[in-house]
């Protein structure tokens, strides 16, 4: 069975549990990262850890472990789990850090109160196995009634676990007719922000445009699109955009660590551009494939056919099921 | 060792843990209640459970357990734990319900995905042992920069675990000079809402006033104040109030399940009324004492002297420590 | 063929048309009323006309016709049309008033620029013939992403024709699974306002509650519920309410001139109360029936079975069809 | 008499009317364009039609006619009307598209429900004949109390007919002392948006600045200013601006299809710059004149002297008259 | 010459000046009251002083003088000035309190830094001499573009001197055609708040309604209307109201210390009710007259005819002059 | 004794006072500038005066004095005061302009109502003498609950005296533990704006970033940073930033006329970057020193040691003292 790093020890995956008295559960007071590998090599692990340490700093968790120590543990965790992974599996790390148990419960923990650090390693395929067909059909991005919470009320740039509103958005969108519906939140000003675990991009006149990084998590894949665009000599900018901009765009897509990028072909059921996956999407994906030595689309499609999952339950990464 | 009900079993308190793949930890997707006893008898348990089931309904957790079944488990949990409680201890139940593990992890759970129900029983005294002196000094309510999140963005009337912003407010207030500082949040409209685990009341011209129940948890103790006021023939109303109203009020207080009620004598360091605990506070507390057969103030002061805790770390229930 | 009053003349219904140069079409600058009869007798015609003249005053249309003159024309229009109505038809008047053609087009109108007044009479049954089953199933009120426009930006208390956002809300809701979905808009503060042609009520602890009349049309049927409640000795109040309040209510319903009242049994697919039509709804409807001498539910159900309409296209009065 | 294209037929202008049961009149659910010619040649007709089809897409009107078909009809309409135009007249097309009659009225239309397309051709001079003197005095832009509606509530980038609030703004400004007052709306954030039918530009340090295209119609003339600026090698950017920026600007102007561009010399009665028409305005206008082969200012001044209109009623294109 | 109390001394009125280094001038950091007499007897002086001490408390001025001491000084000031007042003059006290000079300037003040207290006595007639005709014509309340600042940004319930926005509103309204225009501000939510020195009331169905006391100064005259209404057995309530409510009201009026009450007959030029002074206004004014033994209207009309002021410059108390 | 220019005369500094009937005191209706010298030479005096005249224009003070006349008076004031300045003193001018006394008080001023112009000259050292140590420790910028008022409600780009909210922010921050706390306001959207008398900059990846100049005073020192950055070939841009951006920045600093620039090493007690003064700060300061021929840091540190002030009362320029 896979092993999970838990505050200095490795425990079986099904015993990787956090105390009900931990601040993580009492307040949703936990920050985290999800990473992935390409050909078993972690992608942008440093960037993920730097963002994690920014989150830790912002919520003021007095963590003693350094970034380098954590990186070592990440790699060790992968090493320990590789035997339990298939040959074609990729390693999806989940790194959770909380403040630890609240002080009024210290007696329960023999007086020892320290931050909680949990690092698990999970085959990426389970996260993305329902998404194969989305490369062809594209996502229908649906703007729910649930708004993104502005950053001054709850900071989305911190990758945190107080995300009930994301789940509520997913539930809401699950009521729409059709498959392939993913939530795309607007903030109270009406600006497009992000999905409930993914960043949004649109293309207009050969320019790649993504929302200003105010009320969104600044995704590592999002950053990578900037890099790919540079390599391809395509302009890529941050800008306030709204539903009208998306509907009159030429193409659109989502990015996320597990699936890298997926086309968005509709917004609220209305075609984005001509309602088909676009050419700049293709260029970016090909470049990404080349850079990492993996055909991302093929890999996910292969996993999708293997795992044979009920499609309706897996077209979004963290979907609510009715 | 105390025992915790966990999905049909009783486990030792230090093993009461929730999987890292549970929606509770992934999304802060857990609802809960905290109750207390007076003389070992649970207070308003039905009301707490009804509110819990409202929360469950709102976030759409497909729980099979009924309210009555849960009540039975609550009482059973207390019975099992009474041997580990001191004679003068009160039972503080914490009831947590989450949607359970996310479906992409079902393999880890042998394909069984069901809501998570955890009921723990904890001596109330540890929660309140630092609050004894506050009955005399009163709380200095501090309005932090962190605003309450409006209900349409994240519903505070659901007692939920996506509360990182409450912790951030507590951290902010911990930077103020002096002890006895508790956060009191205003919403983006500037209206007083609630503390980070307590409701607020003020008295003006012998009328008890509490914020409209829009952006607050509608506390069970809050409801009880309405009942006490009725018994005492004092008018008690809900109204939009702001900082000016509080500073020009005659008295103010906070309510919360663990401590029942505590005087608020200052707002941002400015005296509320004459800066002293007021007479309507006294009347309400005396009535409460009589109704439940416990001298609430004495009980907490006794615990405070017993537990000998460092005062600075315990004047708020879920305080952040610098 | 039915006749329509048009600025002093009666024209066949299919020639009741407004110039493309009329302010009504240039700016959506038209105010209106819809009324209905019970047993061919107009209901609350005075109240409708008073509201119309309030709208005219607010948008400053320099209408010369007085309220009494207009009433006379209304009754005359009905008289002229009665021959074209079935025995069991009811008269649904639609009264439109605009500022008339813009002055730059005066040449087209031989220099004569005057307000446009159009009064048409239409068999009520076509408006409500798809709603019969809703008395049994109830409406699923759906909160769309489209928000109500606050009154200081566009005054909903004026019954006006600048309502593209209402249509957009209807389109959005037509994407939800299931029949029986009606839009229920919240304003940017998150408060329940109204449907796109109907007012909302909920019942909690035997008290009837409807949103504060700020960002809603103050419906004549809405006012009538206050009267019925008085007759039945049930308290009926105006209050800010939100989705949580609705979901935890005991019952809910919508009111509108054509259908009078219909139960709301779900909000966003979640049961309101036990998800069934409630007893206070029944009491109000019975009282209404008695007062007007018509069994409203039976009448609509009869029409529904007669007209044999495709149910999916008619469960809302002004529904968008995909 | 001039002829108007109406759903496949040509009708006399004074019979170009839309049914009271059309969605255009029921909901303000109509999108439109206004174009103009220079020397009888349509200007930017393709751009206007592309924007119209974006509007149609956004509001989801199931129009069968293609852009090219519509263009043909536009040109045909002009051809048919040219005989009724004076030698020095220009052709102002107005193209209206609505969803057509609501389905509950289909019986009135013999069961045929289709979108409504109306294209009229009107001598431009009547729209602008009161504006001649404004080239000299400049406009006094007045910020009314009426705010622009943010795009997420009602999309101004759709050229639509739900514009009662624009008319209300015009009425409000008509109460100001003096002639030459045009409404210039700010949005609820206080940013300058647009007039009630025109876009706004200011110049500061030789840079042309226009509001971010969020809460404004993205005018075709507005776009043309960008092109002219490029030809003249003057920087032209989009930026959030407010009243302070305007008052401390060097120059300002409005653009609109009928009049092309007019100087703004005051804001709320305060001089913009030195309160005179500026040199960059002049450069742009000269370039525009050259590009289209018409002296725009002279043409309008000539019409103004010909038509002899009462100045006070025509200094704004769609002005409210007290 | 009249004498002004200034920090313990009496100085001639034209030497009543505050240092440029005083916090009053550096930050607008001064709170104040204006009172009036009837027949030379101060009206509600205690209430004014209580409100002043609330303001002092809120802005945390460390004033040593007590309320009673200040009252004594007020009366002494009147006594000293009575010789300079006409027989029919009334005493208008202005009481200003600031924090005093900023500490970095203490050297200039010989190291002595103390709050500044200034009490001046001025013949009331000069404040109201232009208002006589308004009792007949009524005020045209104009809603300017300038919004009231919400209380959480700048507390209007503190009678303070940071009121540049009030002056800006007055300037804006001075641009409207006609005399008799007074600014009536709405807050960013669109609710009626107050004038720039007066409170607003409307009457609907014999009920007196005034805005909720959130974003307004809670005027002493406003409070007195509640008392008069009680004496007259007319219901008087606080409620959120907007422009539509005012236009459809039966009557409206303003209150202010200098003029007591004045009818509002128009809003933005639209009649309130029938556009005439109303009967409840009359009842309230008669009662007020009786209670204080002064015919308020006659007194002001007499002063107006005496002082012979240019009407246009004095119809508002602190009017901006173009 | 130092002399102050006052409406055409020179008066001793302690007699530089403004009438209580001046609009400056009645409404906070005064605009101003503060300048400083380097080696007795005024710095950017023209820019300060231009900004002042923009302020005068915006608030519409009918000042007759021209910019050049005012400049002459400024220089004359310095000349007259130089004898009272130490050799190493710098001249800090404060220029105040108000509308003058309100017209109802004209009798007090012999009927002469004219704008008030006051120019004082003060040794700069008193303003900055407590700031010496901040060059080493850096400022802890604290975001108070008090929000910046958005520009459409009260224009901060006008350097005006209605700034009670700035003082309230200072009072609030004075309650924080530790010295070195300066208020840094966010606006209601959560964007960083400015301090209560200083502008904010941060550095990220060698790029200097300062808030968009919407809700801030556009400081002369702020402008100078752009110039210095250009000289040093460092990119310097305006951008919306929030607390997260600051905490994850590399460096930060404040600018203000008296102290030029000071490092910000913490935000709400959290390190900005590594919590130390940064290298780009140093480059900018060195360049500034060179350009003006004064070692700014040394000058202030020298004054700080000379004046021997209580540190706690002088670390902010206009600090509130508890």
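A few comments on the model shown:
Order of writing sets the chain letters: A, B, C, D, E and F. Residues in each chain are counted from 1.
Throughout what follows, a contact is a pair of C-beta atoms (placed from the backbone, for glycine too) under 8 Å apart; a residue touches a chain by one contact, two chains touch by 3 or more.
In this text, all values refer to a predicted model and were calculated from it rather than measured experimentally.
If you take chain A and chain F together, the chains in touch with both are B, D.
Both copies, chain A and chain B, contribute mostly matching positions to the interface they share, with over half of the numbers common to the two. More than half of the contact pairs at A-F come back, by residue number, in A-D, the repeat among D-E, A-B or A-D. When the CA atoms of chain D are superposed on chain E, the rotation angle comes to 180 degrees, reported as a multiple of 5. The centroid of the Cα atoms in chain A and the matching centroid in chain C are 45 Å apart.
Touching two or more other chains at once are residues 60, 152-153, 158, 186, 188-189 of chain E.
Arrangement of the chains shown, judged by which pairs touch: an irregular graph that fits none of the line, ring, star or complete shapes. The full set of touching chain pairs reads A-B, A-C, A-D, A-F, B-C, B-E, B-F, C-D, C-E, D-E, D-F, E-F. The residues of chain C lying in touch with chain B in their complex are 186, 189-190, 240, 242-244, 247-248, 270-271. Within the complex, the chain F residues that touch chain D are 54, 57-58, 60, 150-153, 155, 157-158, 189, 212, 214. Residues 142-145, 172, 175-177, 186, 188, 268-269 of chain D are the ones touching chain E in the complex.
Within the complex, the chain A residues that touch chain B are 4, 13-14, 16-21, 23-30, 59-60, 94, 96, 102-105, 107-109, 118, 120, 122, 126-127, 146-147, 149, 152-154, 158, 160-168, 171, 188, 313-314, 317-319, 321.
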